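As written, the chains take the letters A, B, C, D, E, F, G, H, I and J, and residue 1 is the first residue of each chain.
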Amino acid sequence: MDRNQVTQKIVTAKVSKKMTWAQIAERIGQSKEWTTAAMLGQMTLTAKQAATAQELFELTDEETLWLQIVPYKGSLPTPVPTDPLIYRWYEIVSVYGSTIKELIHEEFGDGIMSAIDFKMDIQRQADPNGDRVNVMLSGKFLPYKTY
Amino acid sequence: MDRNQVTQKIVTAKVSKKMTWAQIAERIGQSKEWTTAAMLGQMTLTAKQAATAQELFELTDEETLWLQIVPYKGSLPTPVPTDPLIYRWYEIVSVYGSTIKELIHEEFGDGIMSAIDFKMDIQRQADPNGDRVNVMLSGKFLPYKTY
Amino acid sequence: MDRNQVTQKIVTAKVSKKMTWAQIAERIGQSKEWTTAAMLGQMTLTAKQAATAQELFELTDEETLWLQIVPYKGSLPTPVPTDPLIYRWYEIVSVYGSTIKELIHEEFGDGIMSAIDFKMDIQRQADPNGDRVNVMLSGKFLPYKTY
Amino acid sequence: MDRNQVTQKIVTAKVSKKMTWAQIAERIGQSKEWTTAAMLGQMTLTAKQAATAQELFELTDEETLWLQIVPYKGSLPTPVPTDPLIYRWYEIVSVYGSTIKELIHEEFGDGIMSAIDFKMDIQRQADPNGDRVNVMLSGKFLPYKTY
Amino acid sequence: MDRNQVTQKIVTAKVSKKMTWAQIAERIGQSKEWTTAAMLGQMTLTAKQAATAQELFELTDEETLWLQIVPYKGSLPTPVPTDPLIYRWYEIVSVYGSTIKELIHEEFGDGIMSAIDFKMDIQRQADPNGDRVNVMLSGKFLPYKTY
Amino acid sequence: MDRNQVTQKIVTAKVSKKMTWAQIAERIGQSKEWTTAAMLGQMTLTAKQAATAQELFELTDEETLWLQIVPYKGSLPTPVPTDPLIYRWYEIVSVYGSTIKELIHEEFGDGIMSAIDFKMDIQRQADPNGDRVNVMLSGKFLPYKTY
Amino acid sequence: MDRNQVTQKIVTAKVSKKMTWAQIAERIGQSKEWTTAAMLGQMTLTAKQAATAQELFELTDEETLWLQIVPYKGSLPTPVPTDPLIYRWYEIVSVYGSTIKELIHEEFGDGIMSAIDFKMDIQRQADPNGDRVNVMLSGKFLPYKTY
Amino acid sequence: MDRNQVTQKIVTAKVSKKMTWAQIAERIGQSKEWTTAAMLGQMTLTAKQAATAQELFELTDEETLWLQIVPYKGSLPTPVPTDPLIYRWYEIVSVYGSTIKELIHEEFGDGIMSAIDFKMDIQRQADPNGDRVNVMLSGKFLPYKTY
Amino acid sequence: MDRNQVTQKIVTAKVSKKMTWAQIAERIGQSKEWTTAAMLGQMTLTAKQAATAQELFELTDEETLWLQIVPYKGSLPTPVPTDPLIYRWYEIVSVYGSTIKELIHEEFGDGIMSAIDFKMDIQRQADPNGDRVNVMLSGKFLPYKTY
Amino acid sequence: MDRNQVTQKIVTAKVSKKMTWAQIAERIGQSKEWTTAAMLGQMTLTAKQAATAQELFELTDEETLWLQIVPYKGSLPTPVPTDPLIYRWYEIVSVYGSTIKELIHEEFGDGIMSAIDFKMDIQRQADPNGDRVNVMLSGKFLPYKTY
């Protein structure tokens, strides 16, 4: 058994029980963004969060233990994603990557925007020309230092 | 001659003249995000914008023409980026890609967040634990339709 | 269980029952192009369409639910396809890609032809020199905008 | 010297002289699709077509000879294209490739749609919801035969 | 079930029953080259040919149906083959590919040698210095046309 | 200087002087297949053959020396060729590779068909349905031995 | 069933029965190098050798037949091997490859060292500074010929 | 300037001056194997060896300095080599890699054969069936240790 | 059965029994670094160590035997790792690799730092700005020698 | 002009002037590890550090400016490095990567060891069995947080 099998079981249970990620997040007690990532095998749950997941998805005790182990992360099957929605994000990195780099360095100097001390918020914005997906990414700036 | 050579010349001129992207954007009259992408060879300028760029970077007439031609886009030298700042964005796509997909589909149904009808805003947020990079991405939702 | 297993089951059932995609499309009530893509795991069905598919292919309730979940798209096993028919399409992109780009930009300016707000129609054209495959692709033009 | 250098020179001359591909095609006397592909180094010109190109782009005699030599074809720098417009075509092959294969085989049996005995027509279709790019692809069906 | 499983079953049956491809071809009524390709999952059988195969390899009715469906072609597990015999063919393409291209174009002009309207004949030629493998490949020339 | 530069110079000279490979081969005194491969940088010339090439293409003495040095072979820019004519050969290896392997082993046992003790002959075959390219490949069979 | 499964079974049996490759080779009657390669699925056994293997590893009749079929060769899971021992050999090819090429050509002219008419002998050499692995590779030189 | 340019200059000088690697090695005072690797940019020369090379190849003082700097090693342009002679060595690693691993481990236990404390000797062996290339590889065994 | 399956079983047993690697290492009698690598299938155990592991993880006799066989090493599923923690190490190699090479060569001359005669120690260092991971790597320097 | 050209010039000047990295670091006033990385184009210099570098390497004013611009990082030409010294580090990541991950997570929980708030110290340790390279890596632990 590994974490992938637990993820697979959770996804199947979610389909069968017709739950939404927002409902699951409310039960887990975290944002829908973090909760979905955790259920898809990218984050580590506390014992309490895992117990809630056990109840929601009818997991065994061993499966519940796996949710509390740090997983091997990475949720995509290929380096360049084939799914159109996820590809558009890869395209943003490809087309705007050098722009993002230039502007963060201009404002902060040499360093990176953390993908660990990081949070994300996905919202729908109504728009008469077609609703928009608004995503706020927030990461701590970490400077390179000399030594 | 091609667009890459014009980009190379603009970047070198920017270094020599010690301009910032924000100053250049003010002269061009667009946001710093769009302007930087355009100067880095990812966007197409109008004749008026190109004339401003010509003056700023002392371009020839032919180089100025190239800025008005739609470029072959893509600003990174490898499919998986090696630069740590840009890689963190690739990592976000790798780790959170399936989460983003699930949450957008839960809210909007099948479709994508456009990377064309798209804008981006990069801001510094002061924080006593270390300042944060906040990035707002906004893309129109485009639904798949049956036919 | 995942969508691939449902696709596999549908394809096997289609072979056993000797149905054509055109017949299936008529039952689903959409074009043969959209219906085939949906049955091959690339599109999301409505509850009503899924119920028809359940009947046609003797699916379980859970399999029928999976048809209504947005799938991870991409129908080919390798970045460069090995099947000769599909490769010829890849070759068209390889040989004519820069031509298509130039001509669309000449007519519409900077932007893309949507692969989401998109439809396709495949027809046989009788021809004494050998019948022809005629394919009409229609995608909305989406312009890049400044901001 | 090789064909790429001639292509580079033609593209630069086209920018300097502000010609469109449609105008060039009219002078060459072929469709804008074929002409653009030829000028971008994918097709072979006759002596007469090459002479017209020589005059249009002020080519040397040796450059004009190169236009009459069959080129090494393939117009993209990477197997998976990074330019968003061309990527959308690759995405169509990825998402709809298995669909196209199934429908052509259902209609014609085993074989391929030729990418050699092939033509393409790109048209603008006005549409109140946003103009559309319509592309007609026509290729002779070539059947596999037993022997 | 898919075609690969039928191929796997045929290969195993051939081993168990100690048949040669030449014997199988004689029963199917086609050349040994075409028959072997078909049995290895690269070609589509007629109902009559499939019935013969069913008898030879003790296939089920469903397996027999699969032989009559156009397969997803491509018989090698990697883009560059690792098997020494097959690699030698890849090496011929790598070393002599540009030569083949030059000589066919010199004789026929721009176009290709078809891999669809194609046949192959493999013969042993006795030679005192060591017997030779002689392979005759024959493909229709398909010219590019202007339009 | 390296062999690629000599190849480039030979190809350009051939274009300027409007020679055919067949004419060059006659002068060199070998088959058109071997001669073309040699001129494209895949084979090593004798001093006498190199002297003929020097005269034909107006090479310098150093360039002439390079023709007599064993080159680093491989004439294609990518593992999977993009040029349609050469790709068709790669497709033959992909689709028929396992067939070729089976049939040679059935006839000869374990071993390979040599790509070194190898020759090739390309001929045009007139055919009312369209002329055919006939290629005869002949390679010595080399058996694996136990020891 | 395929050859990989037979290999897997042989390796497991070897572990359970605590045999060495040298002992197995003695029973098979060939060198330990050839025998190990054969047992790992890279060589073809005669009926007599296969019968010995059947007895040693308690194979079924069908498994024993598979040992007499020419296998699809290639024993590594990735193009660049990850195992440190095997990688060192890949490194030798990477670092010394051009040296080996130069020296063989200097001695023999254009051609290759055969990997088919080839044998290998691995010996331990005691050395006070640490024992050494000595490997003798011997391959017939095969010259390229003109034609 | 970098080491590759010095290598390029040495190789060109060797061609012009018609020296052999054996002659160069004699002058440098090392084996022909080590000397060739060093001249091809894979090894570091002492001041004395570099001075000899300077004289042999008419190098500048700066070029001579580069020969004494440890180079970035790796002499092949692609992960899987295209040159037939070098590929045969890659094939040996691919086909016999797992065999070599098993036999070294059987004799020595867990560890590697060093590619650093390593030497190589290439000899011609006359043989009435065709001369053979004999290569002796000798590397120190380095055991993994527990700690 | 192979070593991966034993690794999988050990990891699952560790989760179920809530053991830490430090506790397991104490039982095995080696450092936590070596022990973890061994349990994850990268090292070879002695009979005594394997017996301890058998007891700890309730392994069968055959599984215990596998622990004493030298494994095919390499613990990551892709050449560029997707897991953020492991990627940071790959990034260190990418960004600092040329620095490490320069400094080791400056101190030691041409050669390598062994990854075989190698040990590693991972420690937590308390720090008011956030605790630090300190890793000491120690490898024997192995010089290239002339011969 | 870009940063790579400045790096190239610095490396060449260092060779000509026979400086060591340790001497350069002393002049720059930072550790030899950071200084070497900076000179090899991986770090950003302050105005004062750049002025020192200008003097040391006789750089132009524009080259000196480039040293103060954040570079596109990544110092290796291929994803899997070919140089033996650097490869050994890649091998450590490959073989011990999962071990490092497990032990850091066991001590710290889910998160990463930073490669930005990071320092490195390379030391020679005398050892009668052969001197050792000791490398201390120290990175801040960054925990994943829920939100």
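As a convention for this text, a residue touches a chain if its C-beta (ideal position, glycine included) is under 8 Å from a C-beta of that chain, and two chains touch if they have at least 3 such contacts.
Quick caveat: nothing in here was measured; it's all calculated off a predicted structure.
Colleague: In steps of 5 degrees, what rotation angle do you get fitting chain B onto chain J on the CA atoms?
Modeller: Here the rotation carrying chain B onto chain J measures out at 70 degrees.
Colleague: Distance from the CA centroid of chain C to that of chain F, rounded to the nearest Å?
Modeller: 41
Colleague: So the centre of each chain is just the mean of its C-alpha atoms; given that, what is the distance between chain H and chain I in Å?
Modeller: 31
Colleague: At what distance in angstrom does the C-alpha mean of chain J lie from that of chain E?
Modeller: So the centre of chain E lies 53 Å away from the centre of chain J.
Colleague: State, to the nearest whole Å, the distance from the C-alpha centre of chain A to the C-alpha centre of chain G.
Modeller: 46
Colleague: In chain H, what residues contact two or more other chains?
Modeller: In chain H, the residues touching two or more other chains are 33, 72-74, 76, 79-80, 82-84, 91, 94-95, 98, 101, 105, 111-112, 114-116, 142.
Colleague: By the document's touch definition, which label belongs to this structure's chain graph: line, ring, star, complete, or other?
Modeller: other
Colleague: In the complex of these two chains, what residues of chain E are touching chain G?
Modeller: Answer in residue numbers: 8, 11-12, 15-16, 18, 77-78, 80, 82-84.
Colleague: Spell out the residues on chain H that touch chain G in their complex, using ranges where they run on.
Modeller: 20-22, 32-33, 36-37, 40, 42, 73-76, 79-81, 83-86, 88-108, 111-115, 118, 120, 122, 124-125, 127, 129-142
Colleague: Contact residues on chain I for chain G in the complex?
Modeller: Listed in rising order, the residues are 1-2, 62, 65-66, 69, 72-74, 76, 79, 115-116.
Colleague: In their complex, what parts of chain H are in touch with chain E?
Modeller: Result: residues 80, 82, 84, 87, 91, 94-95 of chain H touch chain E.
Colleague: Which of the residues in chain A end up touching chain J in this complex?
Modeller: 30-31, 33-34, 43-44, 70, 72, 98, 101, 105, 109-112, 114, 116-117, 119, 142-147
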